[in-house]
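Shared between the two complexes below is chain A, which pairs with chain B and chain C, respectively.
Let's turn to the complex of A and B:
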C-alpha cells in the first residue's frame, strides 16, 4: 500500500507528541517535563472541545429525527427542549445574570439524581431476570460458579437477626480476598498489557486511527 | 416547602415512576424520562465544560493574562477551533492533524498509566504476598498467608493465560491452543468467574440499596400528603 505525504505527516505528529509525553513519564529532564505538562494541558482543553463536538452531533441527529417519522420525533423534541431549557437556565446561573442561583443544584437534585437512582433500582430487578435466563440458557460449570459466588457473597454480607454464623462470614471474606482478588488482578494485568500493546502500536505508527 | 422544591419533588416522583414503568416493558414514558435525562445531562456537561475549562483556561487568560502566555493559550484555542470542524464532513479534514495529536498523547498516557498505575503496582502487590517479614510483623499466620499468596499467584497467572489466544495448527490441521495452555486457561476461567461473581454481588447490593431508597422516597411522599 502506497502511503501519501499526508499520512507521514499525521503519523509523525502522533508519534512525536506521544513520545514526548511518554519520555516525560520515565526520563527526569526539566524540558521534557515542561513539554509533557503543556501537551497534557492542551489535551485537556482539546478533550473539552471534543465533548462540544459530541454534544453538537447529538443535537444535529435529534434535529434530523424531528423531521422523520413519528413518534421517534416526539422523543427528540423532548430531548431538545430539555437540553435548551437546562442550557439557558444554567448559563444564566453560571454567568451570574439576573441574580439567579441554585438552578444547577435543582437540576441535579430533582432530575439527574432521581433518574440515575431509578435506573440503578430497575437494574436490581433486571439483573435477577437476566441471571434466571442465564441459568435457563447456558448451564455450564462456569456459569454455576459465577452464580454460586454471587449468591454466597450476598448471603455472607447479609445480617440475619439471631443467626450469626462466623464460619460463613469467614468463608465469604476469604472468597472475596483471595480467589476474587486473583481473578480481578489477572483481568487488570490483562487490560494493562492490552493497553500497552495498543498504545505502542499507535506510537510505532502501525495503527493510525486518526485516518490518513 | 418552597414552590420550586415542591415542583422539584413532583418532577422527581414523575421521573422515578416513568423509569420504573420499564419493568412492564419498554414504553413511551420510560423513553420520555431517558430523553429528558440525556438532554439535561448534555446541557449540564456543555455548561460545565465552558465554565470550568474553556472560559477560565483559554478565554480569560487571553484577555487578562500577560502576552508571553498567549502562545501556550492560542495553540489549544486554534487546535480546538480546528477540531470543531470535525462536526462538518466537508471541513473535517482540517481537524485531522489535531486528532492525530490527541491520539498520540492519548496512546502515551495509556501506556504510561498502564505501566505505572496497573502493571507495576499489581505485580508488586502479588509479589509482596510472599514477604515473610511483613507477615510476621503483622502477627499473621505465616503458612496460611503464604498458602493464600500461592493461590493468588496461581489465579493471576492462570487468568492471564486465559487471555492468551495464540494458536497453532496441529498435524491434523485443527487450529487450537496447546493442551497445557487450554488446561491452565480453564483454571483461570474459574478465578475469573469468581471475580465476576463478587463484582456482580457488589453491583446488585448497590442496585438493591437504590431500589429501597426510591421506594422509601415514593412511600414517604405519599404519606406526607395523606397526613394532615
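Let's turn to the complex of A and C:
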C-alpha cells in the first residue's frame, strides 16, 4: 500500500509526541516533564472541544434519521426537542434571566437520573434472563461453573430472617476474596499486556487510527 | 527505581515486537490457537456482504487515553480491516461510540479505507456515529442501530460496563450475530452470560492478528505471550523468595 506525505507527517507527529509523553513518565528530566505536561494540557483542551463536536455529531445523526424513512424517527424527534429545550433552559439559567436557578439540577434529578435508573432496572432483568439462557446457548463445564458460582454468591449474600449459616457466608467470602480475585487479576494482567501492545503498535506507526 | 523497571519492561516489549515482526516476514507459520468467535466473525462478514446486510462495530465509551483507551484502539484496527473487507457491500459498515474522539477516529478510519480502495465518494460521515455521551445514553442510542439498519453482525470491541448486556440482548432479539470483547471485568462477566460469542481476557487484544489486520498484530501477540511467561516466572520466584523469608 502506497503511503502519502500526509501519512508520514501524521505518523511522525503521533510517534514523536507519544515518545515524549512516555519518556516524560519514566525519565526524570525537566524538559521532558515540561513537554509532557504541555502535551497533556493540550489533550485536555482538545478533549473538551471534542465533547462539543460529539454533541453536533449526535444532532446531525438524529436530524438525518428524522428526514429519512426510519421507523424510529419519533425517538430522534424527542431527542432533538429535549436537546434544544435543555440548551435553552441552561442558557437562561447561566445568564441569570427571569431569575432562573437550579434548572440543570432539576433536569438531572427528575429526568436523567430516573431514566438511567429505569435502564439499570431493565438491565437487571436482562441479566437474569441471559443467565437463564446461558445453558441453552452454551452448555459446557465453564458455563455450569459460572452459573453455579453466581447462584451460590447471590445466596451467600442474601439475608434470611432468623436463618444465619456462618459456613455459607464464610464459603461465599472465600470464593469472592480468593479465587475470584486471583482470576480477576490474571485477566487484568492479560488485559494490561494487551493494552501495552496496542499502545506500542501506535508508537511504532503500525496502527494509525489518526488516518493514513 | 519503579520507573526504571517500567522503562525496561516497555523497551523489552518493544524489542520483542520488532524481532517477531522481522522473523514473521521471513517465515510465516501458523501460531494462533483457534478462537471460535473470530472464525464466526470472518464467516459473518462474508455472509453479510453476500446478503447485502450491514456490519455494526461498536467501539464503547472509553476514549483513547488511559488503560481503557487501548481496547478502543483495537476496535479501530478491527474496524479498518472489516471496513476494507465489507467495502463492496451494498450497505457499508457502521460504527457507534460513546465518546467523541473515538467517533472522529472511526470516521477518519472509514474515510481512509474508502480513499485507499479508490471509492472516496462512498464514504458518509454518518457511518461513524456518536450514539450518546454517557454509558447508558450510548447504549440506548446504539440499540436502534441494531434494529433499524439491517445489521447482520455486531462486533463490540472497546470499553463497556455491565450495561453492555442491553446491547447483547438487543442483538439477540434483532436476530443478528454478536461478538463482543472488552477490557473491563464487569463487561466480560456480563458478556459471558449474554453474548453468543464472548471474548474473554486478552482475546480482544489479539483480534487484529486473527482478522489479518497486519504483521505487527501477530508479532505483538507473540510478544505478549513471551512477556506473560516472563511475568509468571517473576511472580513465582517472588512468591518462593517470600516464602523462604528472603524478601
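Heads up, the rule we're going with is that the second predicted complex is superposed on the first by the 204 of 212 C-alpha atoms of A that agree within 3 Å, B and C clash if a C-alpha of one lies under 4 Å from a C-alpha of the other, contacts with A are read in each partner's own complex, and residues count from 1 in each chain.
The rule we apply is simple: contacts are C-beta pairs under 8 Å (C-beta built on N, C-alpha and C of every residue); 3 or more make two chains touch, one makes a residue touch a chain.
The structure presented is a predicted model; accordingly, all values stated were derived computationally and were not measured.
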Check whether A:168 is in contact with chain B, with chain C, with both or with neither, and answer first, second, both or neither. neither
Please work out whether A:66 is in contact with chain B alone, chain C alone, both, or neither, and reply first, second, both or neither. neither
Determine, under the contact definition given at the top, whether A:182 touches first (chain B), second (chain C), both, or neither. first
According to the stated criteria, A:206 is in contact with first (chain B), second (chain C), both, or neither; which is it? second
Can A:28 be said to touch chain B (first), chain C (second), both, or neither? second
Based on the superposed arrangement, let me know which partner A:146 touches: chain B (first), chain C (second), both, or neither? both
In the overlay, work out which of chain B or chain C sits against more residues of chain A. B
Tell me which partner A:127 touches in the superposition: chain B (first), chain C (second), both or neither. both
Using the touch definition from the top, say if A:87 reaches chain B (first), chain C (second), both or neither. first
Just to be sure I read the superposition right, which of the two partners does A:51 touch: chain B = first, chain C = second, or both, or neither? both
Both chain B and chain C touch chain A at residues 22, 25-26, 43, 47, 50-51, 53, 55, 57-58, 60, 71, 75, 116, 119-120, 122-123, 127, 146, 184, 186-193, 195-196, 198-200, 202-203, 209-212
Would you mind writing out the residues of chain C in touch with chain A in their complex? 3-4, 6-7, 10, 13-14, 17-18, 21, 63-65, 67, 70-71, 73-74, 76-77, 80, 99-101, 103-105, 108-109, 111-112, 116, 125-126, 129-134, 136-137, 139-141, 144, 147-148, 162-163, 165-166, 168-169, 183, 185, 188, 190, 192-194, 196, 200-202, 204-206, 208, 214, 216-217, 220-221, 223-224, 227-228, 231
For the chain A and chain C complex, residues of the former touching the latter: 1, 22, 25-28, 43, 47, 50-51, 53-55, 57-58, 60-61, 64, 70-72, 75, 116, 119-120, 122-123, 126-127, 129-131, 134, 137, 146, 184, 186-204, 206-207, 209-212
Chain A to chain B touching residues, read off their complex: 9-11, 13-22, 25-26, 38-53, 55-58, 60, 71, 75-76, 78-87, 90-91, 94-95, 102, 104, 106-125, 127, 142-143, 145-150, 153-154, 157, 174-193, 195-196, 198-200, 202-203, 209-212
Spell out the part of chain B that touches chain A in their complex, as residue ranges. 4, 7-9, 11-13, 15-16, 19-20, 22-23, 28, 31-47, 49-51, 53-54, 57-58, 72, 75-77, 79-81, 83-84, 86-87, 96-116, 118-119, 122-123, 125-126, 148, 151-160, 162-163, 188-201, 203-208, 210-211, 213-215, 217
